[in-house]
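Here the structure comes first, spelled out in structure tokens, and everything after it is commentary.
In order of appearance the chains are A, B, C, D and E, and numbering begins at 1 in each one.
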Amino acid sequence: MAFLEVKGITKLFGGLTAVDKVSLQVEKGEIVSIIGPNGAGKTTLFNMLTGVYTLSEGEIIFEGKIIHNRTPQEIVQAGLARTFQNIRLFAEMRVIENVLVGMHINTHYTFLDLLFRTKKFRSVESEKHRTAVEILESIGLKDKMHNYATNLPYGDQRRLEIARAISTNAKILLLDEPAAGMNPQESEELLRFIRGLRDKGYTIILIEHDMNVVMNISDRIYVIDHGKKIAEGLPAEIANNKKVIEAYLGRSE
Amino acid sequence: MVLQQLSNGLTLGMVYALIAVGYSLVFGILRLVNFSHGSVYAFGAHMAMLFVSMQFGIIPAFILSIVLTGILGIAIDKMALAPLRAKKSKGIAALITTIGISYIIQNVLMITFGSQTKFFPKLFDFGSIYIGGVAFNTTQICISGVSLMLLLILSCVIRYTKVGLAMRAVEQNQKAANLMGIDVNFVVTFTFFLGGASAAIAGTLISGYYQIVYPNMGFVAGLKAFSAAVLGGIGVLYGSIFGGLVVGISESFAAAYLGGSYRDAVAFLILIIVLLIKPTGLFGKKGITKV
Amino acid sequence: MKEKLSNLSNRINAFIESNKKIVYPVLAILILGLPYVGSSQYILRIIIMIGVYSMLSLSLGLVTGYAGQVSLGHAAFYAIGAYVSALVSISFNLNFFITAPIAAFIAGICGLLLGLPTLRLSGTYLAITTLGFCEVVRMVLLNWESVTRGPLGISRIPKPSFLGIELTISNFGLYYLMVAFLALTTLAVVAIVRSKMGRALMAIREDELAATMMGVKTTYYKVAAFVISAFFSGLAGAFYAHMIRFIDPNTFTFDTSIMILSIVILGGMGTIGGMFLGSALLVSFPEVLRFLQEYRFVVYGAVLVVMMRYRPQGILGGQKKTPYKLPKGGG
Amino acid sequence: MLSIRNINTHYGNIHALKGISLEVKQGEIVTLIGSNGAGKSTTLGSITGLLKATSGEVWFKGQNITNASPSEIVKMGISLSPEGREVFPALTVEENLQLGAFTRKDKKGIKESYERVYELFPRLFERKKQTAGTLSGGEQQMLAIGRALMSSPQLLLLDEPSLGLAPNLVLMIFELIQSINKQGTTVLLVEQNANMALSIANRGYVLETGKVTLSDDAKALSNNESVRKAYLGHI
Amino acid sequence: QSSSKIKIAVAGPLTGDFAEYGTGFKNAVELMVEEWNKKGGVLGKQVEVVVFDDKNNGEEAATIAEKIVADKDIKAVIGHFASGVCMAASPKYQEAGLVEMSPSASHPDYTKEGEFIFRNNTVINVEAKVAVDLATKTLGKKKVGILSVKTDWGTKTAEITKTLVKDAGGEVVAHQEVVDGTIDFSPNITKLNSAGAEVVIVAAMYNSLAPFATQYKAVNPKIELVGFSNAYSQQLIDLAKGSAENIHFPTIFFHGSADPKVAEFVKAYKDKYGSSPSSLTAQAYDSAGMILQAIKNAGKADRTAIKDELYKMNYPGVTGATKFENKIGDAVKTFTMVKVQNGKFVEVK
């Protein structure tokens, strides 16, 4: 069985079928992209994977365990973390604090530890701060760690979202349009960064409209249209798939 | 007796509803709980009393008080709240500002009029009507009538006019409303005028009903009306009327069957229970935030 | 002007930061020596009340300032603490130092009872529920006559006594007791906010859903904040009851709740120092403004309005310019 | 038509625009490029009156609009499709569009505009009654652009219109910009996709940390070595 | 001890919801002091009144009590208003040994704090007896309803009234309680009326009694009402108009009293402040008189001496003769019975 196995999941909003019996498999260490026209149901798919929405139908199995009936917190614990298409940072918190919140689930000390500032508390805190700074450095935000998230320009906010997701120590990262709002130069940097993540052992599921990024980085691609999976395959196959070109890519550049 | 208590409760409920509409209106547009509303209501009542005592006649006094209180509403916004909006500060700062304003209004009323309870002439009295042994005071009926009419007019304004559309837009997203060419400040001013005017209407009618006015009259009534507005789903106008009725009737029955000292507790208990079952009030809609 | 002010506060902060070893001991000596520098009992009582409100606002600050859950009914916990301690000490003839923790504990349990069901609510709906809870508590105090003595209130509450010495304002005992309680509260609150719990609370304030998606158990933390907050408010209530020695349901009204909330917001949400500053200002203003006679509360209201207008984020609130302080060995 | 003269804009202590001057002539497509945080959105905000420049002047059609309110500026014929979409979440798609035409009085013209927007974005027509807050990201972007078009502006400001749109729609948007420009609307375009922006623009400005560092013909810019390096990517 | 000044403090609500009462206190005390000062002051010194606002808030009252006791020139305090507020401050006065004379405190425990704590107010059980007599004898009704405010005074009064009604051979058909500040009495009236009350004894101040009377008489014009002395105020008639007719009261202060002192006081008060004094105001006036008299009797302005003299005194004031018995600071009073007739208070014979 695959690392992450999505079996025929469906989401209804009233009369609208936003996601329609979609199945996917993701293997460990892969970068899998999900593309499709606007309103195809990609973000909704992420929302189901991360427990924001309950499924209308189907099941999600991660590392052999059913996770679709778990709370969002349990799903993060299990190892799926995400970024948001509409940036949702902790606006009035500092950049580094955003990352530290991301580390919340693996910051282990008890209430008494924190109340009495025990040795354990101090060592865990300084270790987490060190890791946080490392993560920020790796994504190029170390200089801005004292800033408040809300004051960052759009592109940096996107980066910070990724940093925050990484910091949960997740096994799978679900990135929803991380390159949106970046210029080609910047998205290229991002691309390198994401590759680096994979090399470190992360599995990545990516939603992206920037074909430069998608085609260059993905191991495999799924295409969704109107809630249904219409194609899957290697980047080269997808790029030449008639259906995909018609529904999504438009005339090639 | 049960019927009589029901009728008592209905009137009381209409009283709350009348005040609650003002809360809902301002909240509906600005997402701001206007804590000065209770004292604005007291201000309206005092103005009406003042003009009546100056021999203006009841109707002109009523109208003058509505206009003046509406202007007070505008002044509150222009002087205290608009600067906060310009700074894009959090709603909670505005909450404290309105608390400060209510201190000012209430104490100024006290200094000018004294803290004692004063007489207010009866507005319209055509005696009581008896239906099946239950007494309906005509004043009660008038209060209900006016509340319903006010609500109807306000609902129509918000639903069907351009100003109404602008009001809803400002509620949703002020920045975008600006970009649409909506004069946000005007819309807010207009809202505060309506809020003030409705408070004056409520203040005058209710004072006429109980025939008394006093500077602190807005405090308890304001709290109850606020909870009525929340109970009905704050921001939803017809919800306010309904919430007002629920609070009024439950209070009336609690006072009769549990004792008068329980009435306030029961009103709040019902509020809490309703909110626990339906966290956005009876008619409130959940905020839409797509992830 | 404003720039200068905020620069000043920054510089003060920086000074404190860099001279920790000197500043804190000096401060401690100042606080401990205060009653001996010839301040009158009148001033001392005001200072003690500032302490009481600092405790209250520190604890509400956890819920409102850090977790972003506005409560309009915090006086309820204050009242519960006061009543429990007063009643227990009178009925069982127990020492204040036993009854006060009991009172705080029971207030904490009430915080749990309120917190658990109401945390589905948010914003205005939560605010009105807490207000309602406070009114219900007041009505219980008023009507449950067999226990609370209803409108008669509780009179002749014993003074706190320590090793057989009755603590009063004149022998400075109450002052030092206050200092101890406040220190306890402050240390606990500081410990909480400078930890993963504090960060979790702030994350909830900023974006509850995003916090959830980071694995923060939002309900747990909100309830925990409520309970801790109720605990310390209850402790403040116990202290107050034994200091003032008479309490009745009118002692703890909506006005008290509003006062506490005003301090939190005026001082600056999500700050510790702001709570002290806010308490000092709002408790002393009515006294300072006494010369205005009946205009006292007109001006008081105006002060609130003006302060919010010029510093809507609160006196010490808003974004700080000082860099984030990394723990030793971190980063 | 639009002329910005030496404006400075601050966010509190942050000096975001440091003396920017630029010019948009009637009938042009002008593009602003620059990396993250360069001040592009801030520039647009300062033109529309959402942000107040601390010094400098903004002129539009011979009038000084530096201190005009946003609503006055919209009435004069400037319309912005903002960064972050800024739709009215609880209102329906239709009501959002209706608000786009808030300053217009010509019923017939408005109706035509509706039809045009729906024709451009059939998806919006399908979702006429859906509340805007539940639209997908791309759908909201369509709505934001459609809404800006509803006022039939003389000067259209677009802040990253292609953001979050599928490739086929991106192509369509750029075609759209060209076509409305041909019909007489002047466009000031902020784009990350500098390649495409320069390909349809007449002129361009390069912003770096709050300053204009380059301004030239669009062609010249896209051939400029340093621009290519910094903004156009190598892929 | 031989300081140059004699100061009397007035402490009460001058701001907030109860400002009218504090203002009444202040006016009355100033009037009394002015009269003494005109006659040369006390012990040859002019007396000064210092006023402290407590907003009717216990916390503030305790704070200003500190301020008051620290001023050695202050020889006694007249105030505070509500019992709860008085009792928050009284431990301080007792501890410092300064007389606190409240014209209004009604809590049974108030004077138990110590011997420096006095009140010049009626004592509940005596007054309730008169009220019940009015209801059952004067008005001759047997079916009695009770309305009381849920304050220390109202609750205690209602409790005592209940037993007294039974002793007088009447029947309490219904008892309704309301919280202070209630203005809508319809549910209570419905209840009282359907229980068949012929007379309602109302333990509430004028601002509740007036709307209650108005609302009740709209439902049942034949109902008889009996109030208490703290509702004795011109305001009652101004507010309730015709509905105030035939409300009966016990009172210790009566405008129309044959005593020339009273007429003089009422005239002086009206001339100076433009309104007529209420019962509580008159009680404050006498409180000041007692303090000044005590200083005079003691021959020295000494805090403790004032207390001692008060216990020896039998003061003839506008609220009748007052004395304090058995070293307890509760004033013993005699009552007059009045009713409203043709828009005026008249004595009931």
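Here, contacts are C-beta pairs under 8 Å (C-beta built on N, C-alpha and C of every residue); 3 or more make two chains touch, one makes a residue touch a chain.
As the structure is a prediction and not an experimental result, all values here were calculated from the model.
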Intersection of contact partners for subunit C and subunit E: B
Selected pair, greater C-beta contact count between B-E and B-C: B-C
Label of the chain whose CA centroid is most distant from the centroid of subunit A: E
Distance between chain centroids, defined by C-alpha means - subunit A, subunit C (Å): 41
Chain centre separation (subunit B, subunit D; CA means) in Å: 42
Distance between the centres, which are taken as Cα means, of subunit D and subunit A, whole angstrom: 29
Interchain centroid distance [CA atoms averaged], subunit C/subunit D, Å: 49
Set of subunit E residues in contact with two or more other chains: 15-16, 19, 150, 179
Multi-chain contact residues (two or more partners), subunit B: 107, 110, 259, 261, 264, 289-291
Per-residue overlap in subunit A, given as positions that touch at least 2 other chains: 43, 52, 84, 86, 88, 151
In the complex, subunit B residues that touch subunit A: 290-291
Residue numbers on subunit A that touch subunit C, as the complex places them: 50, 52, 72-73, 76-77, 81-82, 84, 88-94, 96-97, 100-105, 107, 109, 111, 114-117, 121-122, 125-130, 132-133, 145-146, 148, 151, 164, 168
In the complex with subunit A, residue positions of subunit C that touch it: 188, 191-192, 195-197, 199-200, 202-203, 205-207, 209-217, 270, 319, 323-324, 326-331
Touching residues on subunit B, where the partner in the complex is subunit D: 162, 165-166, 168-169, 172-173, 175-185, 285, 287-290
Contacting residues of subunit C [partner subunit E, same complex]: 40-42, 44-46, 49, 142-143, 145, 150-153, 155-156, 168-170, 244-248, 250-251, 286-287, 290, 293-294, 296-297
